[in-house]
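Multiple structures are listed underneath, in C-alpha cells.
One chain, subunit A, appears in both complexes that follow, with subunit B as partner in the first and subunit C in the second.
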Partner chain A sequence: MPIRPILSALLRNKTGAVLLVLQIAITMAVIVNAAFIVSQRLAKMNRDPGFDVPNMIAFQSWGFGADYNHEVAVKEDTDYLASLPGVLGVTTTASLPLSNSGSANTFAATGEEFDEAGADTPEIVANTYVMNEQVLDALGVELVAGRTFYPEEVSYRTPQHSSFAPSVIMTRDLAIETYGTEDALGKTLYDGLGNPAEVVGIIENMQGAWVDWDDLTHVLLMPGIAAGPFLRYIVRVEPGRRDEVMRVIEETLPARNSERMIRRIQPFTEIVARSYRRDHSMTILLIATVIMLVSITSLGIIGLASFAVRQRTKQIGTRRAIGATRRDILGYFMVENWLVTTGGVLLGALLTVAVNMWLVDAYSLEKLDWAYIPAGVLILWVLGQLAVLVPAIRASGIAPAIATRTV
Partner chain B sequence: MLSMQHISKVYRTELVETHALRDFSLEVNDGEFVAVTGPSGSGKTTFLNIAGLLESFTSGTYVLDGLDVSGLNDNERSRIRNQKIGFIFQSFNLIPDLDLFDNVDVPLRYRGLKAADRKERIHNALETVGLASRMKHLPAQLSGGQQQRVAIARALAGDPHFLLADEPTGNLDSLMARQVLDLLQEINEKGTTIIMVTHDAELARRAHRNVQVLDGQVTDLEAPDSHPLTVAVDNDAADNLSAGA
Partner chain C sequence: MFLYNLRLAIKSIRRNLSLSVLMVAAIGIGIGACMTVVTVYYMMSGDPIPHKSDRLFAVQLNNWEAPGPFDQDRPERLPELLTYQDAMNLMESDIPTRKLAMHASGLTLDPANPDINPMLTTTLFTTTDFFAMFDLPFQYGGAWDESADSSAAEVAVISRSLNETVFGGENSVGERISLDNREFLIIGVLDHWEPVPRFYSAHNNAFGETDDAFIPLSVNATWEKQNFGNTNCWGDSPIDSYAAFLGSECVWIEYWVELDTAAQQDRYLSYLAAYISEQKRLGRFPIADASAEIHDVNDWLVYNEVVNPDFRVLLGLAIMFLVVCLINTVALLLAKFSANAPRVGLRRALGASKATIFKQNLVEVGLIGLGGGMLGLLLARLGLQGVKAVNLGQYDQLVRMDQTLVIAALLVSVVAALIAGLYPTWRICQVPPATYLKTQ
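Up next, the complex of A and B:
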C-alpha cells in the first residue's frame, strides 16, 4: 500500500487528523499509566499473605459482665472452638494481620546498644502478635525451622506487663533483616528494654497488619494470651468448611457464656478485602477511565473516518473507476488510520513518560516499566485498525459508477 | 474492439423500474473516435458506464477486446478498467489533496508499476497535455481546462485501449473545450479508441462517427424522423453506424 501519497493527502487536510493525533496521544498517556498503576495494585493485592486467608474466620469477644473471668472464658472458648468439627486451629490475638491495624515494636539482635549509646546495631521494627501454642495451625503458616510455642510458654498477659517473652517465632524476612541470615534458630532477640527471647521458630512468610507498609512481612509472633476483656479469635478450618463452621459458631458460641459478647463473626477474606478497599476502588476507577477513554477515542476514529468517507465518496468512486479494487480502498483507509495512530502513539509515548514523571514526583508512584510503552503502541494500533474497519468497509463498497453519477 | 449486443439495463428501486438501456447494440472498432449524443436521460452515461465496466448490465452480451465481460468478478473488472480503459469525467474528478504528479500516479500505482516506470509515464503524459511544468501544483490551482487536461493525462498514462469521456467539455468554455478536443483528436490519431458523450454538436462533428441514443436505444441516424441534432452531425463515418434497434 502506498504510504507517501496517503501521507501527503493527509498533511494537506490536517485539522481533523491533528485533533485525532492529540486524542490518541492523550489516550495513550492515560491508559498506559493507568494500566501500569492497575497492574501494580493488582500485584499488591495478589501478594502471598503467607497465611491461609480463605479458610480463616475471625471474631471479637468482649467480656462486659460483672462476673466475667477472662482466663476462664478464653480457655473455655478456645477449647470449645478447637473441638468443633472441621476446625484446624484456634488462637486469640489482640489484632488481626492484614486488618490495617496492629502494633509494632522495636527489637535488636544484640543487647549491646542498650549499654553503650551509639552502638551500630540497627533497630529492627517488627509487627507483633501475641498468640497461643496453636498459632501455626490457626494461621496455616509454613514452619521452615524450629517449633511452635510450648503450652507452658503461653501465659496470660496483663495490660501492664513489661516482660518480653520466653520464645519468639519470626518470619524469614524478619530473620534476614535482624541477623542477616534466615538461619536464626536459637538466636536471641532483644526487646526495646533489652529483655532477651530465644528464636524457636522460623516461618516461611506472613504478612502483618498494614498493607501499605514497606516491611509488611516483618512479623514477630510471641506466645501469650492478650489481656482482656476485649480480644479477638482466629479460627482456621479445613478447606471448604468455612461457612459451615461460621454458622455453628454464630449459633452456639454466644450462648455458652453470658458474661461476654461475641461480635462481628466474619470470614477473614472480608477483613483483607476491607484493607485493600482503596486499592480496589482505585483499580476499578482506573479501569473505568481506560474503558471510557478507549471508547471515546474509538468513536473519534470512527467519526473522523466516516466523515472522510462521506466527504470523499466521489473520490473513492473515481479511484474505483480508474482501477482501485475494493481491497485498495479498504487499504487506503487502514493505512491512513495507521499513519494517524502512529503520529498519536509517537507523541503519546513522550506524553506517557511525562505523565509518569509527574506521577512519580507528585504522588511518589513507581517509575513506569518501559515495556508498557510498546504494549500501549500495539494496543492503540490494533484499536485504530479495528475502529476504522467499519467506515473503511463502507468506503470499499462505494460503487465505481459514483464517478460519473455525481457532480 | 468493443461489441455490445442487445444490452439492457434496468434500474430498480422500490417503486419504479427504469429501463435505462433496451436492446442496445453497438460496435466500436479499434482506433475509432465515436461521439455519442442524445437528449438528457436517454441513457448515454449508462452506456458509457457499462462500456467502462463501472456498472453491470441486466441482459445482453458485451465483449471487450474479445473478452466476454459478463462473468468477471469485481477484482477482474477493476483490473481491466485499470489496464484497458481511461476515463475522463465532466467534472474532472481529480483528487484535490494530491498534486498533479500524484494524481496521474494514482492508476499507475493500482497497476503496481515500478517507481521509475511510473515516473516516466507521468512525465510523458503531463508533457503531452502541456502541463509538465506544473507537476507540483494542486488541482485547485489550475483552470478548468487545465484540470481536464490533467485528467486526460491521468487516463493516458496507463496506455489505455479505450478512452471513455462523459461530457468532457461540459464544464468548459468553448475555447477550452476546443483545446481539449484537439488533445483528444491528437490522442486518437496515435491509436487510442475514444468514445465521447457530448451535447455539443460542433464537437461531435469532429468525431469519425456519431451515435445517437434515444430512449435507451441507438437510433439510426439516417432515419427521417431522427433528432434534428443528428442530421447536423451526420458525417462521412455514417456507414460505420450500428443499425442498432
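Up next, the complex of A and C:
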C-alpha cells in the first residue's frame, strides 16, 4: 500500500487530521493514566489483610443501663458467643483493624532513653489493639513463634491508665522495625513512659487500622479488655457459616441483656469495603471515564470516516472504475486512519508523561510504569482500525458504476 | 430573521441527522462527565457558612514536645486540637465576640417510649456560643446560656431528626431525654441544619451527618464520657485518672472564635502569643518557637484537606475529556460544513453576505450546543446517582445539583459549542461563491 498519496491527501485537509491527532493524543493521555491509577488502586485493595476477613463478624456493644455491669456483661457475652456452634474465636476490642479508625502509640526497643531527659528517642509507631486470650483464633492470624496471651494476663483497662501490659504480640514487620530481626521472642518492648512488656508472640503480618498508612502492618496486640461502657466484638466462624452465625447473634444476643445495646452487627467484609470506598469509587469512576472517552473517540472516528466515504463516493467509484480493487479502497482508509492514529499516539505518549508528571507532582501519585505507554499505543492503534473498519468496508463496497453517474 | 435562521438550522441538522446526533452526543457526554465531577467538587469545596466564614476562626496552639513535631511528615503543622486546660484558659479571654470549645461523644439514648429501641446519639459537648456563632436555626426553644455552662446544667439541644424519631416532630422543649442513663432537659430543638462540608470537625469527618444532641461541655468534666474524635497525647507523666487526663498535654478539644474586625484578629493573636509566653513560664510549651495560629473557615477546610484529592485528579481528567469532546465536535462540524459548501456558495452568489452566513451557521451550532447541554444535564444526573452508588453513602450530601450548577452547565455547553463552532463557521464563510457554482 503506497503511503505517499494517502499522506498528500491527508495534508490537503490538514485541519481535520490535526484535530483527530489531538483528540487521539488526549484520549491516550487520559486512558493510560486512568488505567495506571486503576491498577494501583486494585493492587492496594487486593493486598493480603493477613487475617480472616471473610469469616469474621463485628459489632458494637454500648452499656447504658443504670444496672449495667461491664465486667459481667463482657464475660457473659464473650462466653455465650464462644459457645455458639461454628464460632472459632471471640475477642473484645476498642477498634477494628482495616476500619480506618484506631489507636497508635510510640514504643522503643530499649528503656535507657527514658532516663536521660531530652534524649533523642528512636520511636517506633505501632497500631495497637487490646484483645483477649482468644485473639489469634478470633482474627485467624498465623503464629510464627511464641504463644497467645494467658487468660490471667487479660485484665480490664480503664481509658486513663499508665501501665503498659504484661506481655505483647507483634507482627513480623513490627519486630523487624523494632529489633532489626523477626526473632524477637522474649525481648522487651518499652512504651512511651518507659514501662516494659515482654514480647511473647510473633505473628505473620496482619494489616492495621488505616488503609493509607505506610506502616499498615506495624500491629501490636496487648492483652486486656477495653473499659466500657463501649466496646466492640470480633467473632470468627468456620468458613461458610458467617451469615448463619450472624443471624443467631442478631436474634439472640440483644435480648440477653437489656442494660446494653448491640449495634451494627455486620460482616467484616463490609467494614473493609467501607475503608476502601474512596479507592473503590475512584476505580469505578475512572473505568467509566475510560469507557466513555473511548466510545466518544471511536464514534468520532466512525463519524468522520463515514462522512468522508459519503463525500468521496464518486472518487471511490472512479478509482474502482480505473482498476483499484476492493482491497485497495479498504486499505486506503485503514492506512489513512493508521497514519493519523500514529501521529496521535506519538503526541499522546508525550502528553501521557506530562499528565503523569502533573499527577506525581501535585497529588504525589506514583510515577507511571513505562510499559503502559506501548500498551496504550497498541490499544489506540487497534481501536482506530476497528472504528474505521465499518466505514472502510462500506467504501470498498462502492460500485465502479457510481463513477459514471452524475451526482 | 432569527426565526428564519432557526428554520434553516433545523433543516440543516435534519439533513445530516446522524452526524448532528453524534455531535449532540459528544457534547452531552463531555458535559455530563464534567458536570458530574464538578458538582461533587463544587459541593466538596463549597463555603458552608458564606456570610461569616471569614470571621470564624479555628484556634491552634503548639503545645507539642521538643524532639518531634506534631506531624512528622509536615513539621510546620500544629496540632488541630487543643488541650482541655488551654481551651478552658482561652475561654477567659474577652477579645473574641464569641468563642466555643467542643468535642464529640457517643451516648446511648434510652427513649421513654418502649416502642422505640435504645439508639446511639452522636453528642457534641460544647459551650453556649456554639449556636449563635454557627447560626444554628431553632425550630422550638433555644440555646442554653452562660449560667448553664458554669453550673454544668443538665440541659440539651437536640437535632430536628432526633426530635422526629423520639417525639414525632412535636415541640419537645421541657421534655426529658435519657442519655447514658442521665436525664437531660430539652431546651431547644434545631431546625434542619447541615453545613456541607461540616467545617467544624473538618479534621475528622467533614462529610458526616450533623450531630444528634448538644450538651454543655462542663457536664463532661465530671461525667467522664470518652471523646469520639481524635485524641493525641505526649508527655511522660502518667495519666491515671480523668482529672489527670483533663490536666494533661493531650489535645482533643476543638476551639473556635468569632473575630469581626482585623484589629480584633490582631489583638487576639497577640493575646495568644502572650498566653504561650505565660504558659512557658509555667513550664509548658517546650518548643522554643511555639506559636499559635488561627484559620478562618475556608482556610481551615483547605488546611484539613477536606477535598478528596482523587476528585481533583478526576476533575483534571474530566476537563481533558470535555476538550476531547469539543475537538471531536469541531472535526465533525468542519466535515459537515464542508459538505454544505456548495449550498453556501449558491447562497453567497445570490447575495447573502458573509455575516449572514456566519449568523446562520452559528445558530445551528448554538442549537447543537443547547441539545448537548440538556443531554449533558441528564447524564450528569445519572452520573451523580452513579457516584452516590459507588461511594457507599460517603458523599450523599454532595451529589446534589443546585440551580447555579444547572444554569452553568447549560451555559458552558452552549458557549463551548459556539467556541467549537467558530472556526468551522468562519471557514465556511470563506467559501468563494464562484468555485462551487462552477462544479454544479
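We take it that the second predicted complex is superposed on the first by the 400 of 407 C-alpha atoms of A that agree within 3 Å, B and C clash if a C-alpha of one lies under 4 Å from a C-alpha of the other, contacts with A are read in each partner's own complex, and residues count from 1 in each chain.
Rule of thumb we're sticking to: a contact is a pair of C-beta atoms (placed from the backbone, for glycine too) under 8 Å apart; a residue touches a chain by one contact, two chains touch by 3 or more.
As the structure is a prediction and not an experimental result, all values here were calculated from the model.
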In the overlay, answer first, second, both or neither for which of subunit B and subunit C A:Met282 touches.
-> second
In the overlay, answer first, second, both or neither for which of subunit B and subunit C A:Gly192 touches.
-> second
Check the residue A:Leu20 against both partner chains and state whether it touches subunit B (first), subunit C (second), both, or neither.
-> second
Report for A:Arg320: first if it touches subunit B alone, second if subunit C alone, otherwise both or neither.
-> first
What is the contact status of A:Ala308 with respect to subunit B (first) and subunit C (second): first, second, both, or neither?
-> second
Hey, is it subunit B or subunit C that touches more of subunit A?
-> C
Touching partner for A:Arg12 - first (subunit B), second (subunit C), both, neither = first
Between subunit B (first) and subunit C (second), which, if any, makes contact with A:Gly65: first, second, both or neither?
-> second
Subunit A positions within both the subunit B interface and the subunit C interface are none
Going by the contact rule at the top, pick out the subunit A residues touching subunit C in the complex.
-> 15-16, 19-20, 22-23, 26-27, 29-30, 33-34, 37, 62-66, 68, 114, 118, 120-121, 123, 159-162, 192-194, 229-230, 261, 263, 273-274, 277-278, 280-282, 284-286, 288-289, 292-293, 295-297, 299-300, 303-304, 306-308, 311, 355, 358-359, 362-363, 365
What part of subunit A is in contact with subunit B in the complex they form?
-> 2, 5, 8-10, 12-13, 314-315, 318-328, 399-401, 403-405, 407
Quick one: which bits of subunit C touch subunit A in the complex? Just the residue numbers, please.
-> 18-19, 22, 25-26, 29-30, 33, 37, 66-68, 106-108, 110, 117-120, 180-181, 226, 234, 236, 238-242, 244-245, 308-310, 312-314, 316-318, 320-321, 323-325, 327-328, 330-332, 334-336, 338-339, 386-387, 390-392, 394, 423, 427
Of all residues in subunit B, those that touch subunit A in their complex | 45, 48-49, 52-55, 74-75, 78-79, 81-83, 86-87, 89-91, 93, 95-99, 102, 105-107, 109-111, 138, 154-155, 158, 166
